[in-house]
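Shared chain: subunit A. Partners: subunit B in the first complex, subunit C in the second.
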Partner chain A sequence: MLNRILKFLIVPILLVGMGIGVVIYVVENPTDSMVARMLTYDFIISSMEKHLLMVFVSMLGAIAVGVPVGIMLSRPSFYYVGKVIENVVNVGQTVPSLAILALFFTFLGLGFNTAVFALWLYSILPILRNTFAGIMSVQPEVVESAKGMGMSPWRVLSKIELPIAYPIIIAGIRTAIVINVGTATLATFIGAGGLGDMIVTGISVRREMVTFTGAALSALLAILLDYIIGRIEKNLVRWS
Partner chain B sequence: MIRLENLTKQFPGMDRLAVNKLNLEVGKGEVCVLVGPSGCGKTTTMKMINRLCEPTDGKIYVDGQDTSKMNPIKLRLDIGYVIQQIGLFPHMTINDNVATVPKEKKWPKEKIKKRTAELLELVGLDPREHGGRYPSGLSGGQQQRVGIARALAADPPIMLMDEPFAAVDRITRSRLQNEFLRLQRELNKTIIFVTHDIDEAIKMGDRIAVLREGKLIQYDEPGKILSEPAGDFVANLVGRNRSIKRLHLIRAHEILEEEHWGVPLDTPREEIKERIEESVISTVMVIDEKGYLKGIIGRRAIEEKEGEKAEDLMEEVPDNVTDDATLNDALSVMLEIGEGYVPVVDADGLFRGTLTLNTLLDQVRSDKSAK
Partner chain C sequence: MLKKSGVLAFVLVFLLVPFLSVQSVNADEVVIGSKEFTEQLILGQITIRILEEHGIPVRDETNLGGTLVLREAQEIGEVDLCWEYTGTALITHLGYAEAITDPEECYQVVKEEDYERFNLVWLSYAPMNNTYTIMMRKSVSEEMGIETISDLAEAINEGREAPSPGSWQFASNHEYSIRDDGYPGLTEHYGFHFDGVQIMDLGITYAALRDGDVALAMGFATDGRIEAFGLVNLEDDKFYHPVYNAAPVIRAEVLEQYPEIEEILAPIAEKLDTPTMSRLNGMVDIEGYEPDEVAEIWLQEEGFID
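Showing the complex of A and B:
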């Protein structure tokens, strides 16, 4: 047991260690006084906090909407609606994330809330699509035998369909979270803060070190979150 | 036990009736086989019994009760259900799969555990070896056994089986059929069995319902279906080689002969030679003191091999059949091993006798002359 926990923790500890290493290195070794003024521990930590907050709030919201709606669309009575919405979602996914942010700030104004809203909407798509696809991928004979043996529709969903679709649903959440962490760096354009602040200011004052710090931290965050969710899935699914 | 009255089903958007005014009565403990070409309405009929499919018109009575007035969930919990694709739950262990209905019925944990192990043994699987595995770790035949164990779990009085043995190879199929018939003799369930294979229908059914385009063409015992097919459709379905099909109806133990050419392990060479000369199959079976079949000695073996006792001369048994196998099974084994005989053993593996090609031919002939 202890062994397994340690094994599970090695990669996260390594990733967090790398992040802390990068931060300490850039703060302690600024290339010039401008970089030194920008890259302080306070600024990096508050950017990171804001970034994480945006990601978590929008992801929780996206899961809370995407999974139930995906389940609903997979019910036989919604079959055709489900097919239509699936296509709409696929088209929606092709709109660039920056465009989504730009679109919504014209309605909702600048700031943190708009960014969270746009990220939420963008993350719903893969989660909803995978939930729907996952449940539709359950073999019809499995569902038929469950029904035929006397399971109620609710029991069929909770005991058979969802557990079988589970890995695909989780894969959707993983896709969403990686996109989300990356897209959240664009939130800086509508004044929502986050790691994007470092990337964009770094570019505008031509200080690569600042840009690099923001980019590296957001990349490490994406890998870390993806890894954690992937491990949780592996630990819960033993049958495939 | 089960009565269908004017049962009719029309699927939305279809002109043709899938099931057309079907009347059928199945008695308690009977195996009723619904047989017919694909699209004849046999599966639809079956699905209306457990209400996976609602009839357009007509009634179904189970134990005198109108099923349309029953709660479908409760109805299904008391009807075992096995389908061709098996439909085992891939994310559950074999134990959990078998325990499905008992869990739905909220049996106590200990009782479920006991029952699961008992059922796996009943269908010939080892609970300790297979119980903890997932369905993907089992062969097709084993999965099919689990499917049957799962349907039997809460001891339902009725079983619906839709081509339950169609997905396995021929040899496994005939073994599963025989095992199932043996089980049925003990369990005495009322069974609706759907198949498109007339041979399977003849072998498994107490009564056979031949369906065509939703209509019942003939409902009779297998012997009657063979000897008096109602019209060209049934006659074509049954085919030309009815005498061979009739071999499905007779089991090995029913016609085993007294003389079985068995000799003990310590029989001396000379006596074996004499027995081989007497034997119509030119072969003797070597039996140990407990009654198990140990080997065979043919004419070639006794000419070429050294040794004075039966145990030194005997060769490996090519194959055998159990005493509840049909004569058709016995015939296929004979053809497979290329001999004019096959040894017969009982369920415990004890030697029961020998079936020969001549006995089978006599059976077919007497059948012809009887007609």
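Showing the complex of A and C:
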């Protein structure tokens, strides 16, 4: 058991270690006074906090909506509604994320709430789609025989369909979270802060070290969250 | 065998496409570039129109991604001529950490160093000063009697009640939030602190201020929206912000080929002062003219073209 936890922790520790290494290096070795002013421990930590908060709030909301709606749409009585919504969702995903942020900025104003709302909307799509697709991929024969054994629709869902669709649903959540971490860097344009502050500021004053710090932390964060969710699916939480 | 050579021909054509397209470009054309905001688009169009008037072939590559993209394009020779600001070149392109506040001195330093290091020639600069400005809503400014940044510093230090959103929140774009001649030096120079700084895209600081999402915002002094949105520039009474005079910057080889460009653009630059530039910007941002229409109208008004 201990061995398994250790094996699970080794990659996250490595990633977090890399992140801390990058932060310490850039804060201690700024290339000039401008870089030094921006890259302080306080600023980096508060950017990271804002970024994480945006990602977590929007992801929790997206899972809370995407999975149930996906399940609902997979019910036979909703089949055609499901098909329509699936296509709408597919088209919705093609709208550039910056456009979504800009669009909601005009309605909802500035800052954190707007960013979370836009990220939430953008993250629902892959989760909903994968939930729907995962359940639809269950062989009809399997469902039929479960029914034949006298299972209620609820039991068919919880004992047959969801366990089979589970890896696909999780894959949707992983896709969503990676997109979400990256898209959250754009929230800086509407005053919501996060790691994007560093990326865009660095570009605008041509200080690569600042951009690099923001980009590296964002990338490490995406890899870390993706890994953790993947591991949770494989090792820790099994559908019983 | 035939199939194989067909594939080979196909690949060859693809490899050759970039070269073919490069050759189709007229080497004598002067490529005019600009950044992505209104003032730059207008300056670019003015330049294009006036050079065409004098029979110089030009190509329109205005509206590039921003300061950085434009500069890289010019350094590698994809753009020949564009308008740049002295302060921006000094800090961003030449990597100076300290700003120079005297317009002439700043221009001379930039002119000399940009020629030596990048072979770029700065032609004579315009009096227009697109410097940073600190803005407030006009109604608030009148109500609280705040006209200068010193007044503002005093109000904040005395703990007077902030207007909407209820605290002294300051909207800044990314660049201003970090530059030595930006927000960090401003608060030091005037001796006060904002309650918070919200970093956002430059284009939305004006609207954020108008809508009361922030109490104060930075912007560019020549922007037409300041007037249109009922905002007011606070006077920089302790002369903190350096000047940002715009000047045409041209690659030395191109200037050798068309030496008359210097003579053509000098009188134009001379006419472009701050009120003129804000008026032209306002024509695009508020009245809805296209930058090329504004260029045409202004050049006619001033008698540069018929």
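Note that in this section the second predicted complex is superposed on the first by the 235 of 240 C-alpha atoms of A that agree within 3 Å, B and C clash if a C-alpha of one lies under 4 Å from a C-alpha of the other, contacts with A are read in each partner's own complex, and residues count from 1 in each chain.
Operating definition for what follows: contacts are C-beta pairs under 8 Å (C-beta built on N, C-alpha and C of every residue); 3 or more make two chains touch, one makes a residue touch a chain.
Since the structure is predicted, the reported quantities are computational estimates derived from the model, not experimental observations.
Novice: Quick one: classify A:191 as touching subunit B (first), subunit C (second), both or neither.
Specialist: second
Novice: Taking the superposition as given, does A:139 touch the first partner, subunit B, the second, subunit C, both, or neither?
Specialist: So A:139 only meets subunit B here.
Novice: Per the contact definition in the header, classify A:112: touching subunit B only (first), subunit C only (second), both, or neither.
Specialist: A:112: touches no partner chain.
Novice: Touching A:32 in the superposition: subunit B (first), subunit C (second), both, neither?
Specialist: In the superposition, A:32 contacts subunit C only.
Novice: After the superposition on A, what does A:43 contact: first (subunit B), second (subunit C), both or neither?
Specialist: neither
Novice: Is A:206 contacted by the first partner subunit B, the second partner subunit C, both or neither?
Specialist: second
Novice: If I apply the document's touch criterion, which positions on subunit A are contacted by subunit B in one structure and by subunit C in the other?
Specialist: None.
Novice: Quick one: in the complex, what on subunit A touches subunit B?
Specialist: Subunit A residues touching subunit B: 139, 141-152, 155, 160, 163-164, 237-240.
Novice: Give every residue of subunit B touching subunit A within the complex, in rising order.
Specialist: That would be residues 50, 52, 73-81, 83-92, 100-101, 104, 134, 136, 147, 150-151, 160 of subunit B.
Novice: Which residues of subunit A touch subunit C in the complex?
Specialist: Subunit A reaches subunit C through residues 32-34, 37-38, 105, 109-111, 188-191, 193, 197, 200-201, 203-207, 210.
Novice: What does subunit C use to touch subunit A in their complex?
Specialist: Checking each residue of subunit C against subunit A gives 66-68, 91-93, 95, 97, 171, 173-175, 177-180, 184, 198-201, 204, 208, 211, 213-214.
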